[in-house]
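Each of the next two complexes has subunit A plus one more chain, namely subunit B in the first and subunit C in the second.
Right after this comes the complex of A and B.
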C-alpha cells in the first residue's frame, strides 16, 4: 500500500505537468511584471534598468490619479448598490411568508450567466442617446428629457458601474442567501419565539452570523471595482476623454497602445498593491469586530 | 388588512420590481431581435414584436461571422475544460491520497493561482504568447485558461478525494491493480459530482471570458463569441435586429445550462467566489 502510493514516478507523472503549466503561465509572468516595473521597456528591444523612474512618473501622472479615483468610484458604487440591494433582497427572501422564492432567485441570477459583451451591448442600446430604451421611456412618459448617458464626462463612470451592478447583484445576493440559509433554523426560530420582529432578526442575528460571507462580498465588490476593465473597454473605451479610465485600463493602454511596457507593469504592480491593501483593511475591520 | 399583510405585499412588490429590472432588459433584447429598426426606434420600442422578423436571425447567420465565433468558442471551451481535468485530476489525487515529501508545498504553490488577478500578468503573458509563436492561435487562449482555472478545480476535486475512505485503494491494490489503474477506474468515478461542479464552473468562466481574449486575439478566424461580438458594441446604428439576434443566440448555451442545472450552477459559482474571496 505505502509502496504503491509512494511511487515516485507516478507522483512525478501526476503532478509535474500541472506544476509546469502553472509556473510558465502564471508564476513566471508575476515575477516578470514585478521586475519589468523597474525597467524602461517597449516589449521588443532590450529593457533598460531605470530603478524607480516608472513609479515616480506614475505618481506625477494625472491619468494615474484619474484612474485611481475612477476605481474608487466604481468600487464605492458596487459596495453601496450591489451589496445594499443584495442585502435587501436577501432579507426579503428570508421572510417566511414570501411565495415564489425559486422564481425570484432565478430571475436575479440570470444576468450573471450572460457574457459581459452581451450585457454591455444590451445596456449600450438601453443608454443609446437617440433610440435607447431610457430615452424612449422618458418620451412615453411625456418628458422632454434627453441624456447621452455614456458621453457625459461626470456620469459616464457611474453609467458604466451600474451595468456591473445590474449584472452581478444577483451573484452577491446568491452568496448572501446561501450563507443565510446555512444558519441553523433553531437560532432564528428561538428569536421569533422570544418575540423578535423580522427586522430585529435580520439585523441582530443574520448579519452578525454572516460576517464571513460579508467579508468576502466586500473583497469582491472592492477589488472588482479596482480591477474593472471589460465594461469600460466595451462601453466607453475609457472615454469620453479619459473620464472612465481605471488602473487596469491604464496598464492595458500603456502596453498595447503606447508600447510602454515597463510603465504598464508599474501600474499593474500598484493595482495589486491596492487590492492587497483593501483586502488587508477589510480583514482587519472584520476581525476587530469579533470582540463585540 | 393587518400591518403584517401590508408588509408582506410591499416586500413582494419590491421583489417583483427587482426581478423586472433583471429580466425585462433581456426580454427587450429578445423582442428587438425580432423587430425592424423602425419598430425598435419609433413605433413599438417596449412591447412584443408585432410581426416577428425571423429574417433577423437568418441575417445574423449570413451577415456576421456568428457560426465561426460559435465554433471557436466551443472548441476553446471544450479543449480548455478537458485540459483542466487532465491536469487537475491527477494533481489533486497525488496531493491528497499519495505520500511524498513536498506535497503541501505543491498545493500551496498552485493555490496562489486563486488570488492572482489576470490583469497583473497580462503584459508578460502577451509577450510570452508572442514569443512562443502562439499569437492568434487557439492555444493563446486554451493554455492560459487551463492555467488559470486549474487552482480552483484542483481545490474542489481535492476536497472530494480527501473524503474517500482508504479501503477503496486497499482493495483495488489487493486485486492487483496499479496506482494509475486504480486512479482512473475506481477513484475518479467516485468523485463524479465534484467533477461536474468544477466542470460547470470552468465552462461558464471560459465561455464568457472577455479580458484575456480581447488582448491576446486580434484575428477574426480565432475570435471567440465575447470578443467576436464586441465589435458591434457602441457602433450599432445599422441593424439592431440582426445584432440582437446574434446576442440572443450567443447567450443560449449559458442560459440553458443555468435553467437546467440552476442549483449546480449557483453552487459552482458561489464556491468559486468563496474561494477567490
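Right after this comes the complex of A and C.
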C-alpha cells in the first residue's frame, strides 16, 4: 500500500478520471459563466464583449439588493429555525429516556424524501387564504385573524422559507444525530456518573464535540438560503412583485424571462462569490486548534 | 345553402392544395417518406385540431408524417434552449417575443419569399396582415394561428340579478358594484394574478380607456405612467384594489383557482381571453355573459368603448432553419396553419381565427354570447398588446412585477414612480 501511494503515476491514474469529470461538470461551467458575465448576450445570438458593464448595472439595480436581502433573510431563517429545530430534535433523541426513537428518526426524515413540488403543493393549500388550513384554523378557534401568507409583500419570503424549514429540518437532524451517535458513549456515561444533567451533557459535551458537524450544517443552511430557488418558483414565482426574489431567482429572470444571459451570468457570479465567502467565513469561525 | 357550402369547401380545398403552393415548393415534392416534428398545443380540442390539419397535409403530401410534441408553456424557455443546441422541431409555435429572438439568431426560416410566391396573404384577414405578420426586423417568420383574441370582462348574470345589483357599465358603477358585492360576501372579480398576462390585461382594461396605446405605449417610451391619462387609470386601479375588487391571495392564484371561484358562483366577474367563451357557455350556460365595454371609464365615454386589451401578436407556426426539408416543411406549415384555423373557426367557433371567414360556415348555431362577440369584433380596436409579448422584455418583466405589487396594495404613487424608472431604464 505504502509503495502504491508513493507512486505518483498510480495516484494520477486513479484520481484523474474523477478530476476530469469534476472539471467538465463543475469547473468549466463556472468558468464559462464568469466569461459570459462580461458579455451582452441573449443566449442565442453572437455575444458582444462589454467589460464590466453588467456588474456596474448590477450594483445599481434595486432588484439586486432586494434579492440579496431576501437571500440573507432566507439563510437566517434556515440557520435559526431549521438548525435550531434539528438541534432540539437531536438532543431529544440522544436522551436515553425517549422511547420509539426509530419511529421518530424515520418520521423526521419523511419530508426530505418528498419532492419539492409535492411539498410546495401541500403548503400552497395550507397557506391558501380562502380555503387554507391556517386561516380556517384561526377561524375555528374564534380568532378574527386572516393572513395572505404568500401574497403579503413583507411576509411572503418568510412563509416560503418556512416551507424549506419544514422540509429539510429532517436532513439537518440526520447529519447532527449521526455525528452525535459517533461520539463515544463512554464520554456521555462518564458525565452522567459525575452527575451531569441532560442539559449539561448536551451543551458541554455534545455541542462542542459536534463542531465539525455544525460547520457543515451551517454551510448547508447558509448557502442553501442564498441559493434558494425551487420553493419560491413553485409557491410564488418570485412574487408578489419581486418580494420573494433571491439571487438565483434573479439570475433565472434575467436569463430566461428578459433574455439577458450576460446579466444573468453576472448575478450568478456574485452568487457564487457570496457562497464562497460565506463558506470561508464559516470555516474561519469554526477553525480552532482545539480538537475533541 | 348547399351550393354555398359546396362552393366554400371547394375554394378552401383549392387554397389549401394548389393556390398556396409556390413553384419552388412544387419542385421540392418527392416520394421519399418524410417525418416532420411539429410542436404545437396537442391536448383536448387542440389535439383534434392538429389531427385534422395533419389530415389536410396528408392530402397533398401522403409521404409526409407529422409527429406532434405538446407545446411547452414556459415562456419559450424550452424552445430557446433547443435552438441553442440546434435541436428545434421542424415546425413549431412561436409568439412574437420568441420569434424575434430566434430570427435574430438565425434559428428560424424567413418566409417572405414563400408569402410572395404563394400569395398566402390572400387567405388572411386584413387586420392580421397589418398587425400579425411582420416581426421587428420587418420580415415574416410564421404562419399566423390563434388570431387576435380580445380580453373580455365576463360576468355571472345570475349573481347580479339575484342580488339586484346593476351590471357595471362605467367606473362609478364598477365601484358601486364592488361595494355591494363585498357586502354579500361575493368576490367582485376573480383574477389569476400568478401569471403575467392577466394582470397586464387588467391594467390595460383601465389604461386603454384613457390612452389608446395602453401598456404598449409605456413599453415603447412614448408615454409615461406619470402622464395625466395613465395616472388617472392607475389611481382608479389602486382604488378598486383597495375597495376589494379581487379575492385574497390574488397574486398567488392560478387559472384553475380563479376559474373555480367564478364558475362556482363565489366571484361575480372574471377577466379572460375570448378563447374562454366556450368554457363560459359550458360552465355557466345562459348565466354567462361579457360586458360589451370595460366598466373602467367615465360614464358616456363613447370613443373608447371598443378599445380592448389583448390584441395582435406575431404568433404562429415557424419553421426551423435546421430542418432537413426546408421547402416541404414550409409548405406543410402553411397548409397546416391554414387548415387548423379554418377548422378552429368553423367547428370550435374561435371567432377571431386568423382566416378569411367569408366563405366559411360555422357548424351549428352560435350561442347568444358568441353572436354578441361576432357582432362587435369589427368594432374592436387594439392599441396595446399582451404584456408577455411586448418587444421590450425588460420593461415587460418590470411592469408585471410592479403590477403584482399594485394588486396587493402598493400605493399608486410608488407604482408610478417605479414604472417611470423602468421606462427610462429600458428604453434608453
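Quick notes on this one:
Heads up, the rule we're going with is that the second predicted complex is superposed on the first by the 259 of 292 C-alpha atoms of A that agree within 3 Å, B and C clash if a C-alpha of one lies under 4 Å from a C-alpha of the other, contacts with A are read in each partner's own complex, and residues count from 1 in each chain.
Just so it is clear, contacts are C-beta pairs under 8 Å (C-beta built on N, C-alpha and C of every residue); 3 or more make two chains touch, one makes a residue touch a chain.
Only a predicted model underlies this, so the values are computations on that prediction, with no experimental measurement involved.
Looking at the shared chain after the overlay, A:208 reaches neither subunit B nor subunit C. Once chain A of one complex is fitted onto chain A of the other, the partner contacts of A:11 are limited to subunit B, with no touch recorded for subunit C. Look at A:219: by the touch rule set out above, it reaches subunit B but stays clear of subunit C.
Residue contacts after overlaying the shared chain place A:85 against subunit B, while subunit C stays out of touching range.
Residue contacts after overlaying the shared chain place A:260 against subunit C, while subunit B stays out of touching range. In the superposed pair of complexes, A:19 makes contact with subunit B only, with no contact to subunit C. Look at A:235: by the touch rule set out above, it reaches both subunit B and subunit C.
Of the two partners subunit B and subunit C, more residues of subunit A are touched by B.
Once the two complexes are laid over each other on the shared chain, residue contacts for A:43 go to subunit B and to subunit C alike. By the touch criterion defined above, A:30 reaches subunit B but does not reach subunit C. On subunit A, the surface patch touched by subunit B in one complex and by subunit C in the other comprises residues 43, 124, 130, 235, 237, 256. For subunit B in complex with subunit A, the touching residues are 8, 11-12, 14-15, 18-19, 21-23, 25-26, 28-29, 32, 40-41, 45-46, 86-88, 90-91, 93-95, 97-100, 106, 109-110, 112-113, 116-117, 119-128, 143-144, 146-148, 150-151, 154, 169-170, 173, 178-180, 183, 204, 207-208, 210-211, 214-215, 225-227, 229-230, 232-234, 236, 240, 243-244, 247, 250-251, 254-255, 257-259, 262, 265-267, 269-270, 273-274, 276-277. Residues 1-2, 4-8, 10-11, 13-15, 17-19, 21-22, 24-30, 32-33, 36, 43, 85, 88-89, 92-93, 95, 97-99, 103-118, 120-126, 130-131, 133, 136-137, 140, 166, 169-171, 174-175, 178, 215-217, 219-220, 223, 227, 229-230, 233-235, 237, 248, 251-252, 255-256, 261, 264-265, 268-269, 271-272, 275 of subunit A touch subunit B in their complex.
Listing the residues of subunit C that touch subunit A in their complex gives 75, 77, 80, 83-84, 101-102, 104-105, 107, 194, 247-252, 261, 393-394, 397, 401-402, 404-405, 407-410. Taken together, the subunit A residues at the contact with subunit C in this complex read 42-45, 124, 127-130, 146, 148-153, 235-243, 253, 256-260.
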